[in-house]
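Report on the following structure.
The chains carry the letters A, B, C and D, assigned in the order they are written, with residues numbered from 1 in each.
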Amino acid sequence: MTEISLTNLTFYILSFCIIAGGIFTVSSRNLFHSAVFLVFTLFSVAGMFVMLNAYLLAAIQVLIYVGAVAMLMIFGVMLTTRLADVRLRHVNEQSWPALAICGFFLAFLVYGLWDTPFTVSGVPMPADTAHALGTLLMTKYVLPFEVVSLLLLAALVGAVVIAKKD
Amino acid sequence: MSEFAAVAVFLLVGTGIVLFTFLLAKIIRPSAPNPVKLETYECGETPYGTAELQYNVRFYIYALLFVIFDVEAIFLFPWALVYRSLGLFAFVEMVIFITILVFGLFYAWRKGVLKWF
Amino acid sequence: MLELRGIIDAIWSFIVGLLAGLGIPQWAIELVGYALIAVVMFGVVAVIVLFLVWWERKVSAKMQDRLGPMRVGWHGIIQTIADAIKLLQKEDITPKAIDFPIHFWAPVVTFVAAFMVYVTVPFGKGLIVSDLSVGVLYIIAITTFTVIGLLMAGWGSNNKYSLLGGFRSAAQVVSYEVPLSLALLGVIMISQTLSLGTIVTQQDNLLKWYVWRQPLGFLIFWIAATAECNRTPFDLPEADSELVAGFVTEYSGMKFAMFFLAEFVNMFTASVVAVTLFFGGWMSPFGPDFGPSWMWFLGKTMFFVFVLMWFRWTYPRLRVDQLMGFAWKVLLPLAFLNILLTGLGIYLFDGLK
Amino acid sequence: MDQVPIGLNHYLMLSGVLFTVGIFGVLTRRNAIAVLMSTELMFNAANIALVAFSRFVTPAALTGQIVAMFTIIVAAAEATVALAIVLLIYRSFKGINVDRINFMKW
């Protein structure tokens, strides 16, 4: 084994974690188990970001997805479902057609993607992506950056109006 | 990437050691279960129903607020990282960004979401 | 000098020589090295926690004019080891109604999350496992797994006290997390880096400690960190008069021990982050080469752990509405104010490019 | 173990498979929160593809990473509002199975 095959091995292990976690997320009967598998998947995706040299993004992924979004999902599960609900049917009657559709979609994707010759650039990644991202966010992408604050404000107002008991 | 190899190793070794101590405890400890012992703990009373109660929705609303402000806080980190090299412009941008979100905080405050009772 | 780095390097080169002699390739040696470091770090953390448990009992006793543990060893110093052995052979009672996998993995998640922070903690000069370039964010990110762990414990136990305790802890930890990250932002604005090693080397004497430029930031951070550790006056989740033991109600034996350990590790972590970001980490107040660096680090950190214990016997517990109101109505606006002041301060005093 | 270095196509395949898993979840789950979890999986699949393109096609520009960052934020905002709606549905319907909430169908 060499350095390259170690990277390959890491990639395959992480891929396995992501896909297995995803499958368990969508198929688990116990909704809380789904949520925990979702956390597992999101964490593995952060690992994948590390493999792609996106360290800052990996940290953000864990912080926002695992720390905030998945946590919120777990809160929602705890408020709305019970351990006793595990016995209920958890999928609707369309699961076989859905499986067929997904199979076609996947086959289509594999057919389309596997041989497409993307122009892979040989330029190495900048060593310090965190500072570069900050600079880009403040110069080239400053308008989206400000729009994000409006989006967050809208989400906040929306959530407060919807969830507030009156 | 190699700097993160330590993180992966710590994750695996930490989990391994914890599971090992569980295994060790399983070998050493006695095990004498009986039906009363295995009941859900309720201060010595016979458990009444299951843990299905109507919990306070306040917890949930705080979690919703948290997600918004956490996203904002995290979004400020890349900005803080380059603050010195970008000049007054970055500062003004940030004042606008923060003002908009503080407005949201005060909205929630006025709406009485931050009141517990 | 009593620097540990030299000793570690000597041991390491001996092991490398041994392994290379067996024909083991370079990358495998590196991984074995990390694994060894992880095991050693586990030992270090365990010893620190054992000491902290004993110390907390001693400090509590002194403040209440008692003696505390006195029987096992000199002034009861190996009392916690005896306790650990006792916990190891306790019967593990897992009630029938639990959700087993969730109940089982909750303590593992909680403890491993607390342990993984130590990947990037600079214990002394050269004593850092891996100086991650996103170190500060890494620490915040990994500690968020604590919330997942205690929600799992609350749900998996299928017990009213556990569920309510889990909810309370999660809501509290989550509420104080926003002011905590925003308070750290001030330091990042000054230091312009997320790597903990660099942040320490920037504060190479007493006057350069960031606490002088971030007094408000430090105050916010310290209050929020106390709340994150579920310490008094913010120990509502384990308010034993109301919720028995909160989310650990249905845990016994080694699983309970893991939650207990994680609590003390988190307490140490909070002090470590305070020392590293605001008080110069392993740097001595008089320059980089004054006394062994790891002693400075441990001394400063233990002082902050002591402050946490001091809080416990000084302040009464808050009410739940005060607790939440304090995070959202006081700390959060103050944290925003701190960022604006820091930005203005850098602009006025340092000048921007 | 093959010696082919992991390239762009590997990451895209992974992204595609995860996206398909997400679609399957959205199509079949009855519980509203489970449907939301599946959409999060799809967001993540898209992010993997974006970051992979950023790494392999335009390494210097970092566009993919910036877009992925915005995606994460939009996903968080979406999850907030969606879960608030779930709470509302739970209050008025005493359950959150999406196939029961069909009163706007006709």
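Basically, a contact is a pair of C-beta atoms (placed from the backbone, for glycine too) under 8 Å apart; a residue touches a chain by one contact, two chains touch by 3 or more.
Here the structure is a predicted model, which means the values were calculated and not measured.
Student: Where are there more C-beta contacts: A-C or B-D?
Tutor: When the contacts at A-C and B-D are counted, A-C has more.
Student: Report the inter-centroid distance (CA atoms only) between subunit A and subunit C in whole Å.
Tutor: The mean C-alpha positions of subunit A and subunit C differ by 28 Å.
Student: Could you state the distance in Å from the CA-based centre of subunit B to that of subunit D?
Tutor: 21
Student: Roughly how many whole angstrom separate the Cα centroids of subunit C and subunit D?
Tutor: 33
Student: Taking each chain's centre as the mean position of its Cα atoms, how many Å separate subunit B from subunit C?
Tutor: 15
Student: For subunit B, give me the residues that contact two or more of the other chains.
Tutor: 4, 50-51, 55, 57, 59-60, 63-68, 70-71, 74-75, 77, 80-82, 85-86
Student: For subunit A, which residues are shared contacts with two or more other chains?
Tutor: Only 1-2, 7, 51, 53, 55-56, 60, 63-64, 67-72, 75-79, 83, 130, 133, 137, 148, 152, 155-156, 159, 163 qualify.
Student: Could you list the positions in subunit D whose residues touch two or more of the other chains?
Tutor: Residues 73, 76-77, 79-80, 83-84, 87 of subunit D each touch two or more of the other chains.
Student: Got a list of which chains touch which?
Tutor: Here the touching pairs of chains are A-B, A-C, A-D, B-C, B-D.
Student: Touching residues of subunit B toward subunit D in the complex: what are they?
Tutor: Listed in rising order, the residues are 57, 60, 64, 67-68, 71, 75.
Student: In the complex, go through subunit A and note every residue touching subunit B.
Tutor: By the definition above, subunit A touches subunit B via 7, 10, 47, 50-51, 53, 55-56, 60, 63-64, 67-69, 71-72, 75-76, 78-79, 82-84, 130-131, 133-135, 137-139, 142, 145-146, 148-150, 152-153, 155-157, 159-160, 163-165.
Student: So in the complex, which bits of subunit B are touching subunit A?
Tutor: 1, 4, 8, 50-52, 55, 57, 59-61, 63-68, 70-72, 74-75, 77-82, 85-86, 89-90, 93, 96-97, 100-101, 103-104, 107-108, 111-113
Student: Which bits of subunit C are touching subunit B when the two form their complex?
Tutor: Against subunit B, subunit C makes touches at 30-31, 34-35, 37-39, 41-42, 88-97, 107-108, 111-112, 115-116, 118-119, 129-133, 137-138, 157-164, 167-168, 170-171, 174-175, 177-178, 181-182, 185, 188-189, 192-194, 244, 249-250, 253-255, 258, 320-321, 324-325, 328-329, 332-333, 336, 339-340, 343-344, 346-347, 350, 352-353.
Student: Residue numbers of subunit D touching subunit B in their complex, please.
Tutor: Result: residues 73, 76-77, 79-80, 83-84, 87 of subunit D touch subunit B.
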